[in-house]
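I've put the structures underneath this note.
Next, two complexes with chain A in common: one pairs it with chain B, the other with chain C.
The block that comes next holds the complex of A and B.
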């Protein structure tokens, strides 16, 4: 899996848009570090978000990383750290 | 009030058709879980390429006297044929066919399934949108009430006939309902049938996308690793099973097991994750209903599936309930052999668990490669330590998606 060729801002935009599409919630920038499950996500919605990101970024996410995807910042961090 | 008996068993899994073949292959550890060839695999971003699929059932596998009762569309669907096969096997095993005929309104029938006749519905949608083909019979066959109605008429049942679905606990709920209907006096006997024959390209793609499957494509038979530290997901498997549940006064046979108590606790706060508290509540209720104590339980058929995130909940609940004895009672998950058999689990896994109890033969743990330090219950025993062991009562645990948690205490007859 290689790093998507977009900026971190664009990446966050995509994550926020995916969450909005799936969970119908808009997360403001000051809450990017907060736990998504406390902001209205659940496990099915989280999987749907990851599936959307896989399609949009044209990559595959190893499920072993999913427990780390607790916040928007954590998801962005994961993709940013890809080589 | 006397406890009801399980007097007949019918079974089809990826490991075999009929109880005997299944039990033989369990001894030989030939699960039938393998790389998929029956249907085309989805191509887009799909990691898993194996599952447990039941073998195609030739018409000749069905009892010849039942064949004329099945129409061509029934015979085209393994969902229907598998249910007919297991029901016929269980009725024969219980020796209750004549009793059903003598008093048809005293027998009822429940079909349990997680996904129901999903493949037929998929075909219906394809026929309609892609071929502009309007098959009214597809609609009828797609109704969940079709199969209980069909089986009921085939086997001469005139008591209550209906369908139950509650994800992986569908069959357990069906047994609970059957037990309750008999105890309430409405019927003397229930045919409890469960069938989930539901895998094809589309459904398998969706199971991949829900991200719960094991990826061990190089070793399908060792992929399902409940309680093992190296577990990486569940293995989906088709199956069908049937129990005949009867009140002792009308049973023609001694029976395979006595239903002592059933407990349930539901709460779908998160569709995919079980609740440790509710699981514990269900187990405690089953033991209480059985009018026994945890000291009397000799064997636990666990429900763990190989899920990375959930398997440790169950041993935690067992430890809280059984205390020090949790480290001594063998805990065996039949999914390590069968995979996750959708809504049929209480019948498919249940059949194997009952056999374990009746033969007093604790199975060797399967697909454990490294213990998980979070699992403190006795999942890592050696079968040889239990030679000469007596299993008089066992606990069967069953949880699944949608917040369903169930448990049953079964005893030797």
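The block that comes next holds the complex of A and C.
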């Protein structure tokens, strides 16, 4: 699995769009570090968000990483750290 | 000793009937059965059962894990060593989980019946393989007594798990559903089975009707007794705990649950 060839801003844009599509919530930039589950997400919706990101970024995310995806920043960090 | 184990829709059609928002999840009962198979063909008493991470087939992708046995313990791991589930077998006496005497299993007056068409899939997210009609004899904060009818425990959709079951998979899943409903009704949360201190299969034979009694313990765990309608003990669990999800129970479902409380 390799790092997606987009900027962090574009990556965050995709994450926010996926969350909005699945959970029907809009998360403002000042809340990118906040816990998604306190902002209206749930664990099943989180899986759907990751599924969308896999399609959009053309990569696969191992299930073992999912528990780390607690905020928009944490998700972006994961993809940023890919080699 | 380690052996690979593939979970796929092709091999296990029942997984289509066990999904949340389109993502199939391998039922805890299947994971327990798989791990028990790794240990022995005649294990009846399982201890320290734990599902650390749900085994799911995102986008219906097959998932290969590895059963690793060490002594009387066995674990389900992925290729990088992440732990999904584990349990142990025990050979000592059954005293800790002695089932209640049969004469104490009298039924209270029946209060309500809910057919599967009302319960599924909106309430439970389970498809035909894991469905039953529910008759609620008691559904209070401390106890639930539910008769389950019309399920097929010898179902070909179980694929390789249809024969040689170490635990009665469909019965166990349905019994867990009763606790899931209890948590939804009295705690207002969706929760998934996660750990069990001890599970004893008294009779793995196929049944189509069963009585499930669950007892909420003060420490938050559940005790479970499944019997046949003739009161023969089939399955017992002690120290069964569920993991809360972050999904709240929707108001329309709360109304249905309120209607069955006693």
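As a working rule, the second predicted complex is superposed on the first by the 83 of 83 C-alpha atoms of A that agree within 3 Å, B and C clash if a C-alpha of one lies under 4 Å from a C-alpha of the other, contacts with A are read in each partner's own complex, and residues count from 1 in each chain.
Just so it is clear, contacts are C-beta pairs under 8 Å (C-beta built on N, C-alpha and C of every residue); 3 or more make two chains touch, one makes a residue touch a chain.
As the structure is a prediction and not an experimental result, all values here were calculated from the model.
Colleague: For the combined arrangement obtained by superposing on chain A, do chain B and chain C clash, or do they fit?
Modeller: With chain A as the common anchor, chain B and chain C collide in the superposed model.
Colleague: Touching A:19 in the superposition: chain B (first), chain C (second), both, neither?
Modeller: neither
Colleague: With the two structures laid over each other on chain A, which partner does A:63 touch: chain B (first), chain C (second), both, or neither?
Modeller: both
Colleague: Once chain A of both complexes is superposed, is A:72 in touch with chain B (first), chain C (second), both, or neither?
Modeller: Neither chain B nor chain C is touched by A:72.
Colleague: I'd like to know which partner A:11 touches here: chain B for first, chain C for second, both or neither.
Modeller: neither
Colleague: Just to be sure I read the superposition right, which of the two partners does A:51 touch: chain B = first, chain C = second, or both, or neither?
Modeller: In the superposition, A:51 touches chain B and chain C alike.
Colleague: Once chain A of both complexes is superposed, is A:41 in touch with chain B (first), chain C (second), both, or neither?
Modeller: Touch partner of A:41: chain C, not chain B.
Colleague: Report which listed segment of chain B has C-alpha atoms clashing with chain C; options: 93-101, 111-119 or 129-137.
Modeller: In the superposition, chain C collides with chain B along 111-119.
Colleague: Find the residues of chain A that appear in the contact set with chain B and again in the contact set with chain C.
Modeller: Common to the two interfaces on chain A: residues 42-44, 47, 50-51, 54, 63-64, 67.
Colleague: Which bits of chain C are touching chain A when the two form their complex?
Modeller: Residues 20-23, 53, 56, 58-59, 63, 78, 80, 82, 245-247.
Colleague: For chain A, which residues are in contact with chain B within the complex?
Modeller: 42-44, 47, 50-51, 54-55, 60, 63-64, 66-67
Colleague: Would you pull the chain A residues touching chain C in the complex into a rising list?
Modeller: Checking each residue of chain A against chain C gives 37, 41-45, 47-48, 50-51, 54, 62-64, 67.
Colleague: For the complex, give me every residue of chain B touching chain A.
Modeller: Listed in rising order, the residues of chain B that touch chain A are 45, 47, 209-211, 215, 232-233, 270-273, 308-309.
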